[in-house]
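Chain nomenclature is as follows: A, B, C, D, E and F, assigned in order of appearance, with residue numbering initiated at 1 for each chain independently.
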Amino acid sequence: MKMIIAYINPYKLEEVRDALKGAGVTGLSIATIQGFGRQGGHREIYRGAEYDVEFVPKVRIEVLVDETLAPTVISTVEQTARTGSVGDGKIAVISVEDVIRIRTGERGEDAL
Amino acid sequence: MDSGATAWLLTSSALVLFMTPGLALFYGGMVRARNALAMLMNNFVAMGIVTVTWIVIGYTLAFGPSVEGWGLIGGLDYIGLEKVGSGNPIHGAAVPDSLFMAFQMMFAIITPALISGAIAGRMKLSAWMIFIAVWSVIVYAPMAHWVWAGGIVGGDLGAIDFAGGLVVHINAGAAALAAALVLGPRLGFGRDLMRPHALPLTLLGTGILWFGWFGFNAGSAIAADGAAANAFVTTQVAAAVAATTWIVVEWLTAGKPTTLGVASGAVAGLVAITPAAGFVGPLAAILIGIAAGAICYWALRLKFRYGFDDSLDVVAVHLVGGIVGSILLGILADADIGGVAGGFEQLLRQAASVLIAVVYSFVVSYLLLRIIQKTIGLRVTEEEERRGLDLSLHDEQAYVLSD
Amino acid sequence: MDSGATAWLLTSSALVLFMTPGLALFYGGMVRARNALAMLMNNFVAMGIVTVTWIVIGYTLAFGPSVEGWGLIGGLDYIGLEKVGSGNPIHGAAVPDSLFMAFQMMFAIITPALISGAIAGRMKLSAWMIFIAVWSVIVYAPMAHWVWAGGIVGGDLGAIDFAGGLVVHINAGAAALAAALVLGPRLGFGRDLMRPHALPLTLLGTGILWFGWFGFNAGSAIAADGAAANAFVTTQVAAAVAATTWIVVEWLTAGKPTTLGVASGAVAGLVAITPAAGFVGPLAAILIGIAAGAICYWALRLKFRYGFDDSLDVVAVHLVGGIVGSILLGILADADIGGVAGGFEQLLRQAASVLIAVVYSFVVSYLLLRIIQKTIGLRVTEEEERRGLDLSLHDEQAYVLSD
Amino acid sequence: MDSGATAWLLTSSALVLFMTPGLALFYGGMVRARNALAMLMNNFVAMGIVTVTWIVIGYTLAFGPSVEGWGLIGGLDYIGLEKVGSGNPIHGAAVPDSLFMAFQMMFAIITPALISGAIAGRMKLSAWMIFIAVWSVIVYAPMAHWVWAGGIVGGDLGAIDFAGGLVVHINAGAAALAAALVLGPRLGFGRDLMRPHALPLTLLGTGILWFGWFGFNAGSAIAADGAAANAFVTTQVAAAVAATTWIVVEWLTAGKPTTLGVASGAVAGLVAITPAAGFVGPLAAILIGIAAGAICYWALRLKFRYGFDDSLDVVAVHLVGGIVGSILLGILADADIGGVAGGFEQLLRQAASVLIAVVYSFVVSYLLLRIIQKTIGLRVTEEEERRGLDLSLHDEQAYVLSD
Amino acid sequence: MKMIIAYINPYKLEEVRDALKGAGVTGLSIATIQGFGRQGGHREIYRGAEYDVEFVPKVRIEVLVDETLAPTVISTVEQTARTGSVGDGKIAVISVEDVIRIRTGERGEDAL
Amino acid sequence: MKMIIAYINPYKLEEVRDALKGAGVTGLSIATIQGFGRQGGHREIYRGAEYDVEFVPKVRIEVLVDETLAPTVISTVEQTARTGSVGDGKIAVISVEDVIRIRTGERGEDAL
């Protein structure tokens, strides 16, 4: 099983969620985060002064999926979250040893 | 005694008191979350402390009969509110003495509170409390005496200040400059963005300030009559025009209007009309509003150019705004409205009064802060500043959303 | 002149001004966090812009002597506040002219601000500013003239409207409907939940509105007397009863009472009592409160049934609530209280006045919005809407808790 | 009738109404985020419900002519506001009857609302609504009659209570103690920290309460004169001194001053001066402020020592603060100010009145709560409590920042 | 070493924390998140309209533990967070290569 | 590639961010969290009562880096976030199977 973590623009969340749902994802967890990256470093004028804005609000999506669904999830996020401009974000894939569904105690792929 | 005038002054006094919590929110929303409570604290302690200094000594120094008739300071006749009863209108006003005293008290409270915008995120609470206690006695009270109690500025010099352009705004603004200079900048000033952590609170604060300002300006008529009505109208007009001017200028020069801008512009307009509210009509108020909006917006850059961390722009809004209003008043004052005619002579009087207020407030504030610095110290430690004053000084967090 | 009446009208004017920031929070708390500041902005610019349009031209169109005595529009006698002094009560009122003008100004400000609830999250600020500037002149001012300045509705037709059921609420509500139709729905309307992002701000806004409404309704007596007291009492009663009714109905039909419900119910009650406050007694106010709470709650569903995105329910609360109050007033008006007796004839007058207000406001608002749409455009781009107006239009974030 | 007095009482009534939303925020900011809306709801329903019980039956029980002249309860002369017109001042006051009734209504609303601080996070809304409805009739109304309408406490016993030390604060505080005992503690009480989730809202609430308290106390003069001015000044002084005292004591004993402390201290001072505001001068107000700040701070520990979960310290602030003020008043009352001289005899009268208020309120509240508990039940389920009342009872979340 | 990630109901947090403490866990980190899963999709009536509530507030617990403690942590969370109704949440287990305690520079299991 | 997760004191964030930037890190994501650990358990006096404060506000930094940069990132965080007192926090290192840059579709180390 894999954990797929994506950092995306907040205003893309609804679209991405709908697309993942369509792709067969049955669950995911999201957190609001502050991202720092290439997009950061732009200058902003604020109350008469210019500043480097280091952090940009992003959303972090975490999806547990089985091996077979993983590629679909990645390409779905890639396609729906892409606008083509800096700051679209990144996706990371991590291997997961086990998953447990708390309600039932199911383990492994059954828990997804 | 006039019950209508008394009713309006009771209301006005309550409104002006309400401005200080409003100011606390206005400022509190502008700082980073880690310093939000400390900023609120700075304002609430002003309500606590200055009430006491005022009734004990401040009021008599400000409004007591001038010592030797020199117009420099009030005598001790009203010390501890001695003789300030609820029935004998010694000022010949239509309201009880004690109510006039209370109304003036609210001005004495908010003036040092205004300074707190310059010290955000780095001043020790103990130092701040001592500072405002002393400042309210040795800076605020004399200034009020000079301008409003027949003292040298309002009497001999003949400068006019309807509701506190000199006494409140220029006074606080000059002290804020001194505070920013003596304290030094916050860690990260000019480099980190330090965005306002809760602009809705700042806008709420703006709303409360605007609301309370009707008590401030129209209450200063000390009557419920046409003069109060005129001050009411000019206050509304200047605030509205300055708010609009600010965001238009911002839109043209920086690309986008901001809510912090509309809030700042409104306050700038309110500041600038304060000295003039009872001396000009609504059309002059439009001019004052435009000038305040544009010039205070421009003045924001001063702190970066000269490198003083006036964190929440007390100088740009209150010092510069107060000067704009006081000076323009010299030209725009309308004899039919407030009994004083604008013109070159009045302009000179106004300019001189501004100079006196700026110099006196800046110098005394500077020295006072230096003395506190040398004795108990002004600033928190670097680590306390980094952790944020809320945790460091108060063991509190402004928001705990996860419990 | 009466200093007590003047004191109360000064207070009332300040209270009504305070309602607009209150409304900003009421609405601001209801939108998603990404649009919170833009919503506040929409309201604050109303304070900025309408003040100017009102003193320049709006007041004279509304309250100037009727052109040719036709009752259609005020003449230009008071243009730029010409002749609106602080001493000569041309309306024969017990208060200075300029104060009467200021009190009315606050109504002119909040009325277009009310419309902002229908345009949440998608309208360009520039378009909004132009819209309310023009609307305040071509919709608000004539309506005020017709109803309150001896014009066709209040004079010839004999309809009554104590504090703005027609002029403020029905007027704003019909314009809100037009705005929702012309603008089209938000992306995700009807599908996404779009929960209020900060209900405590909405409840604070409700508190401020309720507080300010005493100025609105009891101030409309333009006196500090028994009539003002009666309006005060009926206002309180209707708000309380409607708030309670709303949550009871919600409890019974949807399973749980909500804080948004208690807030909405209170405002619905305040809206419905507005035209009636000085014409009915407290027991009639109970009936109006019950009707407002139940009917406005029911009216929430209209926008889903007919698919117009009146985002924050201006139609259900202000249009429907205003109609409920205006119509019931036709039956419940008590001649002993406000000099007008309810009955079938008065009911017809009220119904006709409602019709006039709805049609005029809807049609002119619709056309005006269409013209703006065809010229500079009404809506932000899809991407701006998705990112949220705060970042897109203002480069600001309402909350930055992590800095 | 006096238009100035009427103007001030209209204003005061609005101010006191505004205190309830202020209290809602004061309390709402102090609870955990999961119960914030439920706390706001508890206060807003008081505005809804008690308005109705008051006009229907409460007012006549409180201020109707005493049945048989026994001073125990008012007769039904004013039931449903019968005879309470806007023109005939039956109380011989300078204001319309209906306005006096409205002013008193606002006190009847906020008193049960104060109790909500003791029930945070665990009481069913239905039980709360029934409780305050009945309580306002069987506890509040008789107490008001005894103290303020020539009843046994104010008349026969000769105890004095200017603006509600007995009727409002001791009354609510004793009922809060009963509620805390009957309800039992929150899950985790004494173990989990349960930090305030939004102190800026609590401080805003404090500001609103302070502001509104001028209406509460200075409005209780039922006139715009020197007596009102005196009450205004003593209110301000006691609040300021108590706020300062509280944080100084906190600083000395706990190591750091807190913003919750400055807020609590201000309210403690306002509570303690309430019975005394019109009977003492500003210097006595300083003493009352010091006593209130120090003693109420000390009283916080009672709930831990005796294990009752008075969640937001209604007992420490309102019961203890009210007692401090009522007792000190017995010594400090100044015949020149309010016509009653302090001394040993007056002290005894005050002590007896406190005893009566505490016992009556506690016993009747206790029984009433027990009856509700046995019938419909008082508390939510454990799971509802853990999930938080906002989701469990209202299907709402106070903040949704991620949508 | 393992990183154990659990998505649970917020009102179970205190119980779970106490149980983990009892089981010998010396540290953990929590974040408030929005969860989407089977529980999502219920309809809610809101101001007169029905909606699909997609996201539910959850708490994400992250615990770094050594191999031996891992099973205890998993079963402790499972038992205390379980209510038996949909939405109880999931647990994921990920392998961790190294842990460092910043204060002392200790590495590996010593850092826990 | 690695994912390096650090739980640090919030007031160290600016310093750590600047140091990581200096060390060549081009992106990272941060979240505000509540930490429980040795530091927790201190007693706090609050409105007249003493309490165990269980949770302390912390910041969670997540950095995706290639193998070669990983040791530098770890030591940089270690050095800048260290104050020497309890609560300085922890760093965890996890292996990452793949990274994708959404904007370009680049994969692996190119995506960083």
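Going forward, a residue touches a chain if its C-beta (ideal position, glycine included) is under 8 Å from a C-beta of that chain, and two chains touch if they have at least 3 such contacts.
On a predicted model such as this, the values are computed, not experimentally measured, just so you know.
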Q.
Can you check whether chain A and chain F touch via the same residue numbers (shared by over half) or via different ones?
A. different
Q: Between C-F and B-F, flag the pair that has more C-beta pairs in contact.
A: B-F
Q. Distance-wise, how many Å sit between the C-alpha centres of chain B and chain E, to the nearest whole number?
A. 51
**Q.** Distance from chain B to chain A - Cα centre to Cα centre, in angstrom
**A.** 48
Q: Calculate how many whole Å lie between the centre of chain B and the centre of chain C, each centre taken as the average of the chain's C-alpha atoms.
A: 33
Q) Centre to centre, by mean C-alpha position, how many angstrom separate chain E and chain F? A) 18
Q | Overlap residues in chain E, where contacts from two or more other chains coincide | A | 10, 30-32, 34, 44-46, 54-55, 83, 94-95
(Q) Two or more other chains touching the same residue: where does that happen in chain B? (A) 2-5, 7-8, 11, 34, 192-193, 195, 198, 204, 208, 224, 255, 258, 260, 395, 397, 399, 401-402
Q) Which part of chain A faces chain F closely enough to touch in the complex? A) 2, 6-8, 31-38, 54-55, 58, 60, 74, 77-78, 81-95
Q | Contact footprint of chain F on chain C as seen in their complex | A | 401-402
(Q) Residue numbers of chain D touching chain E in their complex, please. (A) 34, 188, 192, 383, 386-388, 395, 397, 402
Q: Sort out for me which residues of chain A touch chain D in the complex.
A: 10, 30, 32, 59
Q | Touch list for chain B against partner chain C, complex | A | 2-5, 7-8, 11, 15, 32-34, 192-200, 203-204, 206-208, 210-211, 214-215, 218, 223-230, 232-233, 236-237, 239-241, 243-244, 247, 255-260, 262-263, 265-266, 281-283, 286, 337, 399
